[in-house]
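Quick notes on the structure that follows.
Going by the order they are written in, the chains are A, B, C and D; count residues from 1 in each one.
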Amino acid sequence: MRTFQEYQEKLKKMRKNVYIDGRLVGRDDPRLLGGQNVMGITFQAALSEDSQMRELATAVSHLTGNTINRFTHIYQTPEDLLKKQQMIRELGHIAGGCIQRCMGCDAINALYVTTYEIDCKYGTDYHQRLKKYLAWYQDNDLVGNAGQTDVKGDRSKRPSQQEDPDLYMHIVERREDGIVVSGCKAHNTTAPYADEILVLPTRAMKDSDADWAVAFAIPADAEGVYLISRPVSPNPRRELEAPYNSYGICDTMTVLDHVFVPNERVFMCGEADFGGRLALSFANNHRFSYCGCKPAITDVFIGATALVAEYNGVPKAPHIQDDLAQLEATAELVYAAGIAASATARTTPSGAREPNFLYTNCGRYHAGKNIMHEYDILISTTGGMAATLPFEGDWLNPETRGYLEKYIMRSPRISPENQHRLFRFIDDFTVSAWCGMEQAAGIHGGGSPIMEKIGIRTNYDVEGKKRIVKWLAGIDDSKNPQG
Amino acid sequence: MRTFQEYQEKLKKMRKNVYIDGRLVGRDDPRLLGGQNVMGITFQAALSEDSQMRELATAVSHLTGNTINRFTHIYQTPEDLLKKQQMIRELGHIAGGCIQRCMGCDAINALYVTTYEIDCKYGTDYHQRLKKYLAWYQDNDLVGNAGQTDVKGDRSKRPSQQEDPDLYMHIVERREDGIVVSGCKAHNTTAPYADEILVLPTRAMKDSDADWAVAFAIPADAEGVYLISRPVSPNPRRELEAPYNSYGICDTMTVLDHVFVPNERVFMCGEADFGGRLALSFANNHRFSYCGCKPAITDVFIGATALVAEYNGVPKAPHIQDDLAQLEATAELVYAAGIAASATARTTPSGAREPNFLYTNCGRYHAGKNIMHEYDILISTTGGMAATLPFEGDWLNPETRGYLEKYIMRSPRISPENQHRLFRFIDDFTVSAWCGMEQAAGIHGGGSPIMEKIGIRTNYDVEGKKRIVKWLAGIDDSKNPQG
Amino acid sequence: MRTFQEYQEKLKKMRKNVYIDGRLVGRDDPRLLGGQNVMGITFQAALSEDSQMRELATAVSHLTGNTINRFTHIYQTPEDLLKKQQMIRELGHIAGGCIQRCMGCDAINALYVTTYEIDCKYGTDYHQRLKKYLAWYQDNDLVGNAGQTDVKGDRSKRPSQQEDPDLYMHIVERREDGIVVSGCKAHNTTAPYADEILVLPTRAMKDSDADWAVAFAIPADAEGVYLISRPVSPNPRRELEAPYNSYGICDTMTVLDHVFVPNERVFMCGEADFGGRLALSFANNHRFSYCGCKPAITDVFIGATALVAEYNGVPKAPHIQDDLAQLEATAELVYAAGIAASATARTTPSGAREPNFLYTNCGRYHAGKNIMHEYDILISTTGGMAATLPFEGDWLNPETRGYLEKYIMRSPRISPENQHRLFRFIDDFTVSAWCGMEQAAGIHGGGSPIMEKIGIRTNYDVEGKKRIVKWLAGIDDSKNPQG
Amino acid sequence: MRTFQEYQEKLKKMRKNVYIDGRLVGRDDPRLLGGQNVMGITFQAALSEDSQMRELATAVSHLTGNTINRFTHIYQTPEDLLKKQQMIRELGHIAGGCIQRCMGCDAINALYVTTYEIDCKYGTDYHQRLKKYLAWYQDNDLVGNAGQTDVKGDRSKRPSQQEDPDLYMHIVERREDGIVVSGCKAHNTTAPYADEILVLPTRAMKDSDADWAVAFAIPADAEGVYLISRPVSPNPRRELEAPYNSYGICDTMTVLDHVFVPNERVFMCGEADFGGRLALSFANNHRFSYCGCKPAITDVFIGATALVAEYNGVPKAPHIQDDLAQLEATAELVYAAGIAASATARTTPSGAREPNFLYTNCGRYHAGKNIMHEYDILISTTGGMAATLPFEGDWLNPETRGYLEKYIMRSPRISPENQHRLFRFIDDFTVSAWCGMEQAAGIHGGGSPIMEKIGIRTNYDVEGKKRIVKWLAGIDDSKNPQG
């Protein structure tokens, strides 16, 4: 397993293909360090001196028997799923939010299960290719980015019907030694500080969409790859440094312009009828991850709400106690859905475990449904001060510092600096571009609530429930008019 | 195990102590048959020809090794908990609601765990007594009623502070061979068709409340027991019979007026510090039951909503599809909480398993929070017809029958009788005293949402969440003023 | 103006055409008295000794200059609208719910406005006919029932497309002196104790539906009229009589089987393009009425919730205070919408005022959206006792009375009888067929929330709002591709 | 009336007392121009060539008979209130949010009404002083900032109990010619670009708090005033300029350090019993303003949601239509509450009108309750693109511009620039520090929902509602135990 330093050294050596706000930049651009620092948590956890943390963050590869970072592991048992979920929640506490390395983990698990099924039907050898690739991926402790969401152009048309074929990622050319692909993956989190990009289809396909049914892995700096990036971080600090402000995240429009992918990195190539399976498998795994990370974020809401209530001198106010209970119920219902998805996980033909789709969708749905209410609670409890707090400079300016420290006083038990630090944190958490990104991620990341409602109802046994009612009501279908 | 017939024969032989609307009645009063019919489902399931059903509804006693009805079993494994939950949901489909036999099951499990802990502290022998009692209870396949909720009198006072000591069940006299108790348990479901009444304390006690810290079992027709009963059923039918209309339920004010309880049936007697433990243990088990039965009821909502939409000719209306997805998510989140409570169940010192209190509370909370919205969905989808449907007599009257059948027509594929039957069922389900009882039960049964919010927040690690935020924000408590 | 007695005497003389549960009954059937008692409130108010009440409940006819019951008045000013709204709320307090006489009032106002517009376009004389009819209606202080909702058969088909033409009320024959009509109006409240039935179309029509575009008035006992009725009341009392238990309501399927309507009572006859106008005009007036009556019902929720909290000894519990504030906000927002609808009422070409459609819909929408939550609050605050309260007979039975009075005690300041009376009232209010009817009415009466959402969005200036955003964002439509 | 230019010229001449992020800056600092541009809308409207706009934005002074800006007017009639509300909504459309000049308007109306009442009780001459001041204020078309919210220190203590007396604004010294005051007003919007600061108490006072019961006006650059400021704007643009991006807002901690106020500018000075009256009167007026401005903001949500749905090619998606109807109902219910507050406005002893406190609170409550849900709707409909959109620089960079324009394509009818502009706008509106400020303002501005719930319930006639229920239930208080 790698150290954080080794991870960053490798990033520095990669080909320059990251664009930010009009400029081509290196992977050591300061705006990209926040995301790397979050990734660092996953490397440090696996090498932690704390044995409980180490056990949580590592696993034994079923391919090689080596100890590997759990984020590179394929689920073999319900316990693997439970530990993944727990790991995300605990590392999420350190990050104060998304741990960012799930995407790769969710992608390799989806590929693992689906390539096996494609091979069964078509006699292809994607699964063997993938296992070989995975052994290397695990041994090198890589960070994988998942490129799933196509830009999709005209939403009323299928991939093959679009005027511009590139609006969904597709095979431009099939060569003996590989394929050439073009397209653009949007909302693509972590690409500028990932080692590998794992490309998956975004939806179900029909036969006519075969050229768009493609999955593969490429190095993030491969020729033809353009990472047009939007990094975001909590507000930078001048003197009042804090762990939260060392983090960041980055989304990209990941453009692939005639990128060559050698055969050994191609994991689906034209099997249109498996497009939906692979897309949903990734969605399922990713929604499962949300059952771990969203509770971690709600934990931050709980802690911040309780702390600001305490600092404001109203820790026992009944409406705040009630709000806290609501937050707690939200966190734990989502987490319970993940436990249920693990406990009832299916063993797939590949041998790997797949979390229960119904419960992962219920968990992610509940999280997405409640996220804005969680902000409402924290903002309501905080009062206006996080939003109207003078900038850090005024706290450092001797002319105004005295006034600010004098007038920030609420509880005599809290120092002005700690009082200031808490409001500053809540300012970052609720009154910043970073917060806007978090809200959008809370609603859309891994699929927005309407997608989960579709997921839930699509496979739900409504006919069985109708039969219950027909029985209770004494309704006999044979008495209906025939024809 | 008993047959349904044997169960009813025994009821008939019991001492007459049931009062309904001003009269002393036998246990074969027609108004009590609905509840017995629901109990019947549990006897039939255990003797079912369907081996899956039989396996679900029975267990092997850890006390005797005999095959017993699962409702008399003590949880030994997480699988026991999962099966209990699944059994409730499946039998709930047959009953179209509460299966009613959980209360006894939840009471014996709470007593099993708590008596062991009392004995450990006080050197008493309640646990041995209970095991002996339980072996007999299991072998005779008994139906236990749980009497927990005291009438409580002045809510601002503790048991021992009440003007009238009987406002909480208490020990009136301690004899060599047993105790004499008085009091009244309210909202007591199933007592008039139960074999045994299992009495538990309703709350935490202080030392001064020792005489009120009492738990025991008595036959439901013991001397001094008065069951003042309120039975309720769906509206009776004249010709349009249906399974749903054969059911019913009954609550009582269960008055114990100087009832003697022999020592071998006393399971707590003055150990005030275990009052809360036993009360909460029952609540925990009962909330766990809700994680199985509430999804069963939501399944009826799903089936009824989908069926009436189909009969109304709008099965694909988007707002109805959306409502169905909401119902499905509610059912499955509550069920997931039960699975999580099972999967993370604690092994108690007694050896029995106890579902995870946090998740049982989250599940019951979510159910209670949503129940009225579920009615809203079904009533909204149905339209007004269930509420304004002429009475059955008008369908049977030749003068009006033609008009009613002509004008009930909605979908040409549905016969007038089936159309009528569905509205009649929804009439029973949403426009009846029965419905009012179900709504109250949906909100209060097993503890109302505010009780679960208290349950959730009481033991929640809020301090741990504050620490997360302090760390993220760089807050150092040592910088606060001392003192 | 009539006395209540005169109203009832006239009812007794009407032709027997009311069916209840399989029997043809007279209008003095006890099950119909509850509804008449509610109507009685409107007669008594107009003749009240309290001058404020009298002023509220009467108006001066713009047709005759006579003092008339306000329920027979045509709105001439915003004040007329405000007084109508206030009258409904105040009389609703006496009735504990729906005052029931609005329907006729809303129907005559809709007819007044629409007949004028039909005449303007088609040169017909419906408006003069109606004015003549109205003068008679006002002078005789009549109770009008509005028959609007057709049974509608196959919802995917228009009136003229139905297999059975009677599924919407229609003209069967046009004679020199009048028309013959057939059909059935469903969910028809008050018909068995109304003097007149005012029939209105239920929806917009196309030219091919001309025979279904018909409006007229007939005596409620006209030949060919069958009132298949479903009366409902709070539970009857033996000794514990209370005003609430003297009330009731009744819905009918109102069948018209070849009923002759003389020309002077026909107010629309084939003008298909005005079908929607008249239907929506009635809906608008009726939703306006809800802005008065729903706050009255919420007032009962507020009073009952506050009183039961007081009787339970927790009047100051913060979560109950919060719930009360929610109820209050609901009542007053709905009422405010009615005030806004009055204050911005349009003067129609007929000279009469029409409440603002946007605000009546918003008000009714908000009421319908919240009604089940209001029940949730009251049931939650009450606890289970209203649902498990032994029947009245057990309170009268000397064997059990002592136990019940002893154990009902909660607050030492409240007598057992008053404590019992309050629970008995909440039992009627929340655990009865009457409650089920009220819930359905709360959701569907005057149009369910989805109908109001359609009403709101249909005429909303969304394009204007888009222009605001285009301007703010600097979007220039001329830069879009042409064609 | 002044031109926008005259307003800005005066600002430039003011004494430098504005601090931003550590530096003392002039009022022409670019970060303060956004707020001034919003104020500009109010000057331009009053001088508009559009006579309707002009009429809306001006009024005739009841003091001088001069035509004045409506923001400086004292309400004389319900129409004045309705026009104020309408003006705020329409100007809010131009600003895309808060029009910012209400605060001064709300403060002078509160002072007008309250000073009259103080004088009546104490024989003081505050009202005459104020009228003189107001005539000057109107004639000079001034912008007033309202300084109400004190920093409040320890929330469990009253003003006079605080360790540091400055934690509430108070009188430090009383001189013959005026008073000297110290303290700090927080969350103080617009102060750095206002002419005057109008200081009001923040809460009810007791006699011991008399020195804290103080109201007065000072120039915003008076000696001893320090404006420690936090300006915020939508993200600046390089080339894609848009009206929305020219705006901004600014909050300050407004420190008054021994500021002298001459007698003619002192409007309350020690009359502790009127502290609450003045505080609530301002709150009432300000909540009334929200009944106009919040609908304006919801209008932007409606327009943005509808437009992005159209651009995304799903304008008719049922769930979006439903969401739009929800937004529309929210906007119009809040607006209706304002109309109701105007239509039922009270004439105060001073002769001025005061909006109905109950309805202003209901309106503001409903707005605050729904604000986060409105964001949820817009973010959900937009999808992730507003949050992950590459920065403007990448659209200007020729290397990446082609990719971005190619891949932004959704509807073939929309140009890439317009598509980009809309996402850019929604980025500003939902993913920015500006958005965080708007969310906090949506919840807290004018009082958070819990404050309005307190406002509603404090004066609500709950006893009257209890009496309704007692009557309906036949409860006779005289039967309760006496004593």
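The criterion applied here is as follows: contacts are C-beta pairs under 8 Å (C-beta built on N, C-alpha and C of every residue); 3 or more make two chains touch, one makes a residue touch a chain.
From a predicted model like this one, the values you see are computed outputs, not experimental measurements.
Measuring centre to centre with C-alpha atoms, which chain is farthest from chain C?
Farthest from chain C by mean C-alpha position: A.
Looking at chain A with chain B, do both copies bring the same residues to the contact (over half shared) or different ones?
On the two sides of the chain B and chain A interface, the residue numbers are mostly the same, over half being shared.
Rounded to the nearest whole Å, what is the centre-to-centre distance of chain C and chain D, using the mean of the C-alpha atoms as each centre?
40
Need the CA-centroid distance for the pair chain B / chain D, whole Å please.
Computed value for the inter-centroid distance: 52 Å.
Can you list the chain A residues in contact with two or more other chains?
Residues 319, 322, 412.
Going by the contact rule at the top, pick out the chain D residues touching chain C in the complex.
Touch residues, chain D against chain C: 93, 96, 240-244, 299-300, 302-304, 306-307, 310, 321-322, 324-326, 328-329, 332-333, 335-337, 339-344, 358-359, 362-363, 365-366, 412-415, 417-418, 421-422, 424-425, 452-454, 456-457, 460, 462, 464-477, 479-481.
Over in the complex, which chain A residues touch chain C? Could you list them?
318-319, 322
Can you tell me which positions in chain C touch chain B when the two form their complex?
Chain C reaches chain B through residues 19-24, 149, 151-156, 163-164, 166-167, 184, 186-188, 226, 228-230, 235, 251-253, 255, 257, 312-314, 319, 371-373, 375-376, 379-380, 383-394, 396-397, 399-400, 403-404, 406-412, 427, 430-433, 435-437, 439-441, 443-445, 448-450.
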